[in-house]
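Provided herewith is a single structure, encoded as structure tokens, for subsequent inquiry.
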Amino acid sequence: MTAAAIYPGSFDPMTRGHVSIIRSGLVAFDRIVVAVLRNPRKDALFTIEERVEMIREEFADTPGIEVDSFEGLLVDYCRLKNARVVLRGLRAVADFEYELQMANMNRHLEPTIETMFLMANDAYFYVSSNLVKEAARLGGDVSRLVPDSVASRLTKKLGR
Amino acid sequence: MTAAAIYPGSFDPMTRGHVSIIRSGLVAFDRIVVAVLRNPRKDALFTIEERVEMIREEFADTPGIEVDSFEGLLVDYCRLKNARVVLRGLRAVADFEYELQMANMNRHLEPTIETMFLMANDAYFYVSSNLVKEAARLGGDVSRLVPDSVASRLTKKLGR
Amino acid sequence: MTAAAIYPGSFDPMTRGHVSIIRSGLVAFDRIVVAVLRNPRKDALFTIEERVEMIREEFADTPGIEVDSFEGLLVDYCRLKNARVVLRGLRAVADFEYELQMANMNRHLEPTIETMFLMANDAYFYVSSNLVKEAARLGGDVSRLVPDSVASRLTKKLGR
Amino acid sequence: MTAAAIYPGSFDPMTRGHVSIIRSGLVAFDRIVVAVLRNPRKDALFTIEERVEMIREEFADTPGIEVDSFEGLLVDYCRLKNARVVLRGLRAVADFEYELQMANMNRHLEPTIETMFLMANDAYFYVSSNLVKEAARLGGDVSRLVPDSVASRLTKKLGR
Amino acid sequence: MTAAAIYPGSFDPMTRGHVSIIRSGLVAFDRIVVAVLRNPRKDALFTIEERVEMIREEFADTPGIEVDSFEGLLVDYCRLKNARVVLRGLRAVADFEYELQMANMNRHLEPTIETMFLMANDAYFYVSSNLVKEAARLGGDVSRLVPDSVASRLTKKLGR
Amino acid sequence: MTAAAIYPGSFDPMTRGHVSIIRSGLVAFDRIVVAVLRNPRKDALFTIEERVEMIREEFADTPGIEVDSFEGLLVDYCRLKNARVVLRGLRAVADFEYELQMANMNRHLEPTIETMFLMANDAYFYVSSNLVKEAARLGGDVSRLVPDSVASRLTKKLGR
């Protein structure tokens, strides 16, 4: 039996915080599905395909990582992938409460699926995709906050 | 390979919140070591032996649960038990920050060991061992907040 | 003299969390006015009339509950209804601070009106109208999180 | 029928924050019992009798205020006083979580009794009995943070 | 050498909370640049020019206050103004985390610039520009929450 | 005129988090007095003299740092040192609220003295003196979390 976990998110784009969560997760899970949420209502900088590609590049040499995208209920997707664990990173208190609310809703919708939380590496504790994009748009150098696969595309995308 | 996790705590006494964390943890881990911390500086109601016994009783029919006690650094104990994951329950924000601080210190002391957090069942979200003991001491009926193995001993211990 | 309280909100739709707050409030107040805020700037799933109707249905047999809608300043509405207490539910810390900010502003605008907070039943502690709508839109079964009067309309509205 | 509320606390000593909570509570309740907790395990500056006396002095001309002391379970005391509401003040987030935990435990012990929260006046939002005592012990002038009945006794007690 | 600090913000409009932060900041800094952020993506009630003018009016007689507007990265603006300190006010916990995140990002972008936080006067602790605008739009009297230079323009702008 | 700040604390012992706060503070202040609080009620690992000595050693080559100890009210000590700014580090939310409470009390006791907050370097964000001592007592290697002047004494003191 292989314990698998789903790590869902927008990843627009993936930061080094996300990368540290995934690598930490591999300590507990043989297989982690990094699942990019197809959310039609949210403005995004990168397309779903670009996001999937950047994550794939970063983990090209890491066994046990699968990259995918999904829409609909997370618990339905978990059932589809035969995974009983949802993995989430924890940073600030505001995150924490939103995450508890989501975990609780998911437990309500499907009691056999559990959400497990991991703490990002402290160097990336306060890094968020939104802040990274905002700083990059204004010309800030965020290359140490995102994986190399993201840094180059971010530069190209923002025309700098 | 078996993924094992350590679930450390005082468990003075174990509440149904603890029980729900352990049962949730079994979704991800084949083996969970419930490890009672031998903390000489803290006043306790139950002895280490009583606490171990109550946990053992509760999980007598649950495969994959080992009950033990330990002293010293948690990361040293993890190495001893060949476990690379520490399991912790999350309740309130105040907990959350203390837990992040501990997880960060443990990561500093031993970077290969990860702390994973689980959310207690909402029915037990605000239940703590201290509050249970305080209410029981004053004659409150806390029997639905603790496992049966604890409820009977709590009554006996407090002479009611 | 009858102590009356206003329980204002969007109620789009009312959840069982709201219901539990109202029923708890009846312990202290002879009369509670559930007041749906007419907020033109906010996208809503249900019309004001539908929301009022669903709340009325739920409390049809409960004496002391009046259902109404209002626009403008809450403190003006309180004066109109001759109520000196605003009732609010408390859930997470993020709520808590927003609520304190609102309570403080209302006290500034009208010092004779007080805001009183009640804690939702723990089974509904993490339930919010937004999360319920989001899950229902994606096909999740949220019928145990909302009153029956809401569950049937939610199904019809979302065409499922 | 008279709606009564219990306002329990240590009141060692009462601060102007406490006073503002009580006066706000009178907007909703005809009768408030200010109940000093007899807690043998906690070091106190003032005796229970002194604390009761100082509160009585402050509210001598305010109808509807009864001052008392109690020990044991708060919900038992509420039943004794025929009160179905516990009144508590809210200040910081740390308070908030402890209060939710207590309210939840009390609801568990006695589901017919509700806890209602009020926000202290912003001028006293960060005032606590402990901080007042600490500052007074070191010679700080805290006379504007406590009622006059307390200020004079605090000076005498601390020999300044 | 003159220690200078930048106090950046939207100031749409400046509240008495902002004023109290600036006056407190003058205890530590000889020169404070109040810098209105030109954010094209955010709907504003007042134009940048109006906001600058209102702040200038308030501090017309206060030496050491310079009022300006800026766009782009805050750390670039700090370099331009030869300031090594960013000043920010602290209110609620939610603010606090956002502020830590921003301070951390700015430290990442420019390690020689520090963010220092000040606490608003408790009378204005829960006052925000957004809440002030919302209350004013609905006809609430917010004149004691904003400086006189703002109160009159707010009335004119909202046509009351 | 020289802007001076007092940085008070227990420093039992100083951590690298404290060091980072002090170095950040030098960006704004020409002179910082690191002031060890003589608190007779608190159990300490190091004597006041040892603590002062370790801080002095760390900052031996840094101009503008004065190391001292004090007892009594902080605002009295500020007056004595002719300093109008208290410097404090910010870490977690729990800290934040305690710090706001203290800053508010100090502003009440002496309105001309301001408290300014700095954020510790993220690498030391979750490091506290207590946790460092606890880990060191159990044999954990905390040498990268404290300055060298502390690391050696910690080893000696704990007999390892």
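Couple of notes before you dig in:
Each chain gets a letter, A, B, C, D, E and F, in the order it is written, and its residues are counted from 1.
Criterion: a residue touches a chain if its C-beta (ideal position, glycine included) is under 8 Å from a C-beta of that chain, and two chains touch if they have at least 3 such contacts.
Source: prediction; values computed, not measured.
Among the other chains, the CA centroid farthest from that of subunit B is the one of E.
In the CA-based superposition of subunit B onto subunit F, the rotation angle is 120 degrees, rounded to steps of 5. If you average the CA atoms of subunit C and of subunit D, the two centres end up 29 Å from each other.
Subunit B and subunit C have Cα centroids lying 38 Å from one another. The set of subunit D residues touching two or more other chains comprises 93-94, 97, 100, 104, 122, 126.
The complete set of chain-chain contacts reads A-B, A-C, A-E, A-F, B-C, B-D, B-F, C-D, C-E, D-E, D-F, E-F.
On the subunit C side of its complex with subunit E, the touching residues are 72-73, 75-76, 93-94, 97-98, 100-102, 104-105, 108-109. Across the complex, subunit D meets subunit F through its residues 92-94, 126-128, 131, 135, 138-142, 144-145. Taken in their complex, subunit D has these residues touching subunit E: 93, 122-123, 125-126. Against subunit D, in their complex, subunit C makes its touches with residues 3, 5, 24-25, 27-30, 84-85, 90, 93, 96-97, 100, 103-104, 107, 112-119, 121-122.
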